[in-house]
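Here the chain labels run A, B, C, D and E in written order, and each chain numbers its own residues starting at 1.
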Amino acid sequence: MNTEILLSISGLHKAFGGLIAVNQMQFDVHQGEILGLLGPNGSGKTTVMNLISGALQANDGKVVISGKDITNLPAHKISHSGIARTFQLVRVLPDLDCVENIEAGLAYRTKPLWGDAAHGAALELLDRIGLAKQAHTPAGDLTYIDQKRLELGRALALQPKLLLLDEWLAGLNPSELQDGIALVRKLKIEGLTIIMVEHVMDAIRSLCDRCVVMNAGAKIADGTPDEVLSDPEVVRAYLGDSHA
Amino acid sequence: MSILKPDFIKPVGLGALIFAALAFLPSLVDSYYMSLAISVVSFAVLATAWSMFSGPTRYISLATVVFFGIGAYTVAVLGEVLPFPLVLVCAGLAGTMIALLVGFSTLRLAGVYFVIFTFGLTELVRQVVSWYEVNVTREMGRYVFLDITQNDIYWQLLALFAVLLLTGFILGRSRLGFALRIIGEDETVAKHCGIDVTRVKVALFVLSALFMTLTGAIMAPRWTYIDPVIAFNPMLSFQVVIMALLGGPRRLLGPLLGVIPLTLLFEVLTASFPNHFSILLGCVFMVIVYLLPGGVVGLYEKYRAPKKRVLATDQNAKTGGSTA
Amino acid sequence: MLDIKKLSVSYGKHAALREVDLTVDRGEIVVMLGANGAGKSSLLKACAGLVPAHEDTRITLSGSELTELSAHKIVEAGLALVPEGRGIFGELTVRENLALGAFAKRAREAEKQNLERVIDLFPKLAERLDQAARTMSGGEQQMVAIGRALMSNPDILLLDEPSLGLSPIMTGELFKALAAIRKTGVGVLLVEQNAHQSLAISDRGYLIENGAITGQDTAKALQSDPAVQKAFLGLGAA
Amino acid sequence: MFSYAVFSGITLGGMYALVAMGLTLQYGVSRIMNLAYGELVIVASFIAFVFMTSLGINPLVGLLIIIPASFALNWVIYRILLTPLVARAKNRGMLEVDSILATFGLLFIVQGVLLVWFGGNYYSYDFLNNAVDIFGATIAANRLVALGFAVVIGLGFYLILTRTRMGTALRAVAVDPTSARLVAIDVNFASCFAFALGGAMAAVGGVLVSMFLTFSTSMGVVFTMKALIVVIMGGVGNMLGALIAGLILGVAESLVATYIDPGLTIAVTYVIFLLVLLIKPSGLFGRAAS
Amino acid sequence: MHISAKLRLATIAAATTAVMSTATLFGANAQETYRIGYAISKTGPAAPGAATSTIPNYEMWVKEINDAGGLQVGDKKLPIEVVEYDDRSSSEEAVRAIERLINQDKVDFILSPWGTGLNLAVAPILDRAGYAHLAGTAVTDKAPQLAKRWTNSYWLLGTGEQYAVELAKFLEGLKAEGKINDKVAMIAVADGFGIELSKAGREALEDRDFDLVYDKTYPLGSQDLATIVNDIKALGADTFVAFSYPPGTLGLTEQSRVLGFNPKVFYAGVGTAFPLYKNRFGDNAEGVVSLGGASEDAPKIADYIKRHVEFAEREPDRWASIVNWATLQSLQQAIERAGTTDREAINAELAKGGFDTILGTYKPGDQTFWQVGQWQDGKFVGLAPTDMEGAAELVFPKPEWKAAQ
């Protein structure tokens, strides 16, 4: 594993009113690894993703990517610093067709593409994620899995250093799931660093190099999937006292 | 930028020809029809400018008259001090500044809150201008005696409309325009695609406000007397919204399709039924809402849709279509 | 008890369901398995009157016609839906949510007993009664949603992906609760992704693909059916 | 001086709240952004005027006729004009746009009819204008009556909405109409009922303000705007919020008139309103939309 | 689905035909009638004013002339045909309506719209087309310049200054007699009218050594003026002056009564001279001073008021209505004197003046009407200019407010 640190999070804190959603979180993500962010529902995983991507503003703490402090920058600036994401509930641009959805990712990145160049690049990318045939279908008319693909394609169009996948594999049936896992693995091989929030244990075991487990807004474990999944505290948090 | 491509030159050239032809209108018709033409063109500018921002972002702004009024009021204040072109520049600057201020402070409001905010803004600006005039200049109601004829106003508006359409046309093919469409679809996604959403929205808001301000400035010499009540008449904002919605605010020429029939309808109703204008207007309005839910453009698209889809799939196979 | 015959639903030109026949009896849990977009949610929504069905559709509950009734009358007739995404009233308190469950006239008389029944089923709700529903965790919200449906004193309970977004432990608790509900004589129709756990508590199951029923059997038989295993249970599951 | 300013502000604010409460119901529960709201207020003012001057019925007695009549009228308006829009709206935004457009048409029709019947003139009549001394301030009795109605309606509806089954059902419709159908609430009926009730409250407001304001056929939009401001400030659908927002505006106006400059009274309304919108867009007592 | 689509097309088609057929209605017809056109605010903020002091006079004038067989033009009697529009209180609409009257309807004469702004908006168009402009309801300090600028325009109600100065002179007299102290509380509506009058009033009063203890404005549209009245009440001014619009005038009166604020001179208006005011306040109107006035005992005026009541079912206001009526009488006489429908000839006659009207021998634009008046015994009598014939004695001090019913 490459040991160079790409993203470093420290002391991250976020409260909604009285509810502390993220409490003194800290972890690092190394170049080229897939980090699984686990935890029971409501443990603050998605909030961490939102804080990294700039969808939410942190109350305290630091997010640093490649040595650059991006804490609480607006989302578009964070996107320019090399972070792309997908959303827990899939978000495509429903009235735009697939090419335009991808172009949305191409046109405003640090090295933007526009016009014919963007069009060509978009078609190429669609081909890569298996949507070449639907190039001119409005995104709203796609099936669920294809919308997920398209959303991923749009994130990839941004040429990110770090990709955030928020339950990207949720809601897929088993055969779709296998396709999805294969696709994510391919991205890793291509050198992309990924943080994924996931419930599907299969996927976590087969994809993640390392996992961070959260409970009640705080980190309770950090290690390889096997390590953390056998950690008694994790089991207790995840499966309840009866299983511990 | 695809300036020299035929799909750019053709519509722009055609547009130029049409506008050139329209410029000869004053030599063909009497001054009543000219005043009607002024009404059509001024609403066309306002509704198109409104749609330029509100169409893609789906923000319903009732601030049209804020900018229109600022334009008109600038003329009232400076009309006799500076040469008219310079007055227009000042009006433009004033409108831009207010739009920047409003844009940065309000564009994070969504939905009906923005609607009400913009309406409130109209009242606030009117009250503040009134208060300023009363307490500082002690001059309420200003007289504008300018040697500007009806035809001059028509030509200026026509030129402004031409510039607006050209701007809109270029915008529709620009990254800025595309960004606006993305924002209209999903603002969160837009942000995460690297779009500085606030800047894009403010830019468009300011651009749209600039055209509204200039319309007000160009129209002002027509009324001789301007006070805040005349300049900031909220009815205008509503009229513009309705015309744009009737036409279809998501297409460049959509608003025009609402402006022409409605202006003529207003005219016919005013002329024929001065005592029952309100009732008939209300009825016509209801009929429009119930029978034309998608606006004129929606109607057009509905009847064109089957054909278009066949064509589109044909083309997709070969060229991949365009984003326009 | 719930008898669905020739149920077809379309959105514009897209046919979501084609002539589906399905029954659910008193005191049984029936699970419907299928991929995303197969038409499972449409089926539940059509039963609940949220989307219109085609003309020749017949849906009856204990012999009384549900077809073409509006949604609120269907609840009165004894069918309650827990929609996907729960559909609870986030701004209202848990107590108010549950009270609204008993808004149906059929439920008013037994409101007190039903409330006790729901609290028995989900003891966690007892301490949260005066909390706004939106401030609760996903699992607790799901409890409120199911509890609210039970408050209407239904004969048939329809659940759309109740385990979505729940941790394994919550899902387990939830399914235990469903089994308990069955014991009171309520028929349950369950739409699920989680084939493993849902088949484990179900009596029968239907397979649905592209808007049509492609298979049905007892839950046991389905669990051991290799085709089902491949399509819905995932291979090499943990 | 201060206590007078505050108290006269409270009566003024009571009037604002009174006129706004129906709208908060119509917009909050029925999701109809009713631009013709103010016209319905004015209609009631005119009816009260006719009752008082031609029939010799005092406006408060007239309420006994006007409330059920306006309830029925608004019921019919909802059933005939708005139901088709509700049926075809795919989401809340569409209904909002459609209802804005449709009620804008309605505004003109109502105004036109009033114009044919009453002409463009100012109207005003004299009722309950005797001075009442209260807390060291002298206030006209009719204003106190209006304030009383505002407080009673505001608190009463707050209690009804939070404490009764029907009220909870109305709030459920406001929060999530689709889910409301799933708990056996007849959403169409509830919306219609709330709209009609809101209309009846508009009429109450119209009758009461006609006792102390000069009105004309073209003044409806003034009421619509004031009501909108109060509704949005107080939080959509929140009766108590409307009452408090109205009182805040009234007192602010009164204090500004006394201590700064009466020329700024309307400006201050809008400044407060715009500030609330900017700082807390969901209103003083509204919860953020999820 | 199909049927409703067809229905929609049919509706659109019908609407289009309607538009086209109405367009052809615009054509002019042969000169068997005298065509009078006007565009006036039937809706919008200017509507109440127009409905009070202008529209009934126009309608009554036309009816009376037509009942008598028409205008005597040479040896022919030409009935009046009216083309009327609603300018919806908008300058732009007014401009277009006037253009339509001139170019489409080709009317013989155009009567003025209501209000300063609208009259100014249409003035240049009327001037360019050679129409006389009898601006009946505009009060502007620019009146003299405007009359010069547009030669056929007549600014009948004069300047704001003249009302303010006349009032100040009148108050000066009272002060000299020791009847009132030198304190004046002044409030004005923040609109063209209020500002012009308060500006002139401020100068005129200060010139005459009055002390303006209160001098503020209130926004247009604000009716709730109780706090203002309460503040003023504490200042010890014997004279209260409000340059207000009707809703404000009524509100101020009402709230003064409720608060027991009863200065020796209570001046408020526009609106006090309206019949509405008398109806609303009954005995409490007694002693209130305002702009305008009428010599109600003069037979011509009494007759006019009587006819107005018969025609419009309400009294005319005692300021603009009277001037308007005198002007309409002048117009009729100018046409009959000219003996032709030729516009220039009529314009020339109008400029000559010397018409026999309810204001006596009158030329449009003469300021020979009451500037200050007072309700006395149900009549709004003229007080100033004091040297005018029939000037009434001031009821002083203003009687106590009576309790409401």
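Heads up, the rule we're going with is that contacts are C-beta pairs under 8 Å (C-beta built on N, C-alpha and C of every residue); 3 or more make two chains touch, one makes a residue touch a chain.
Since this is a predicted model, take the numbers as computed values, not measurements.
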item	value
Chain whose Cα centroid lies at the greatest distance from that of subunit C	E
Taking each chain's C-alpha mean as its centre, the one farthest from subunit A	E
Centre-of-Cα separation between subunit E and subunit C, whole angstrom	73
Chain centre separation in whole Å, for subunit E relative to subunit D (CA means)	34
Gap in Å, rounded to a whole number, between the CA centres of subunit D and subunit C	42
Length of the line joining the C-alpha centres of subunit B and subunit E, rounded to whole Å	36
Residues of subunit E whose C-beta touches two or more other chains	42-45, 190, 217, 219
Contact set on subunit D toward subunit B in their complex	33, 81, 84-85, 88, 93, 96-98, 100-102, 104-113, 115-116, 221, 225, 228-229, 232, 261, 263-264, 266-267, 270-271, 273-274, 277-278, 281
Contact set on subunit D toward subunit E in their complex	1, 4-5, 8-9, 12, 111, 115, 119-126, 128-131, 138-140, 212-214, 216-218, 222, 253-254, 257-258, 261-267
Partner subunit D, residues of subunit E touching it in the complex	41-45, 47-48, 50-52, 55, 89, 187, 190, 216-219, 221-228, 230-231, 234, 246-247, 250-251, 254-255, 257-260, 271, 274, 276, 280-282, 403-405
Touching residues (chain side subunit C, partner subunit D) in the complex	48-50, 70-73, 75-76, 80-81, 83, 87-92, 96, 99-101, 103-105, 107, 134, 148-149, 152
Touch list for subunit B against partner subunit D, complex	58, 60, 105-106, 109-113, 115-117, 119-121, 123-124, 127-128, 130-131, 134-135, 234, 238, 242, 245, 275-286, 288-290, 293
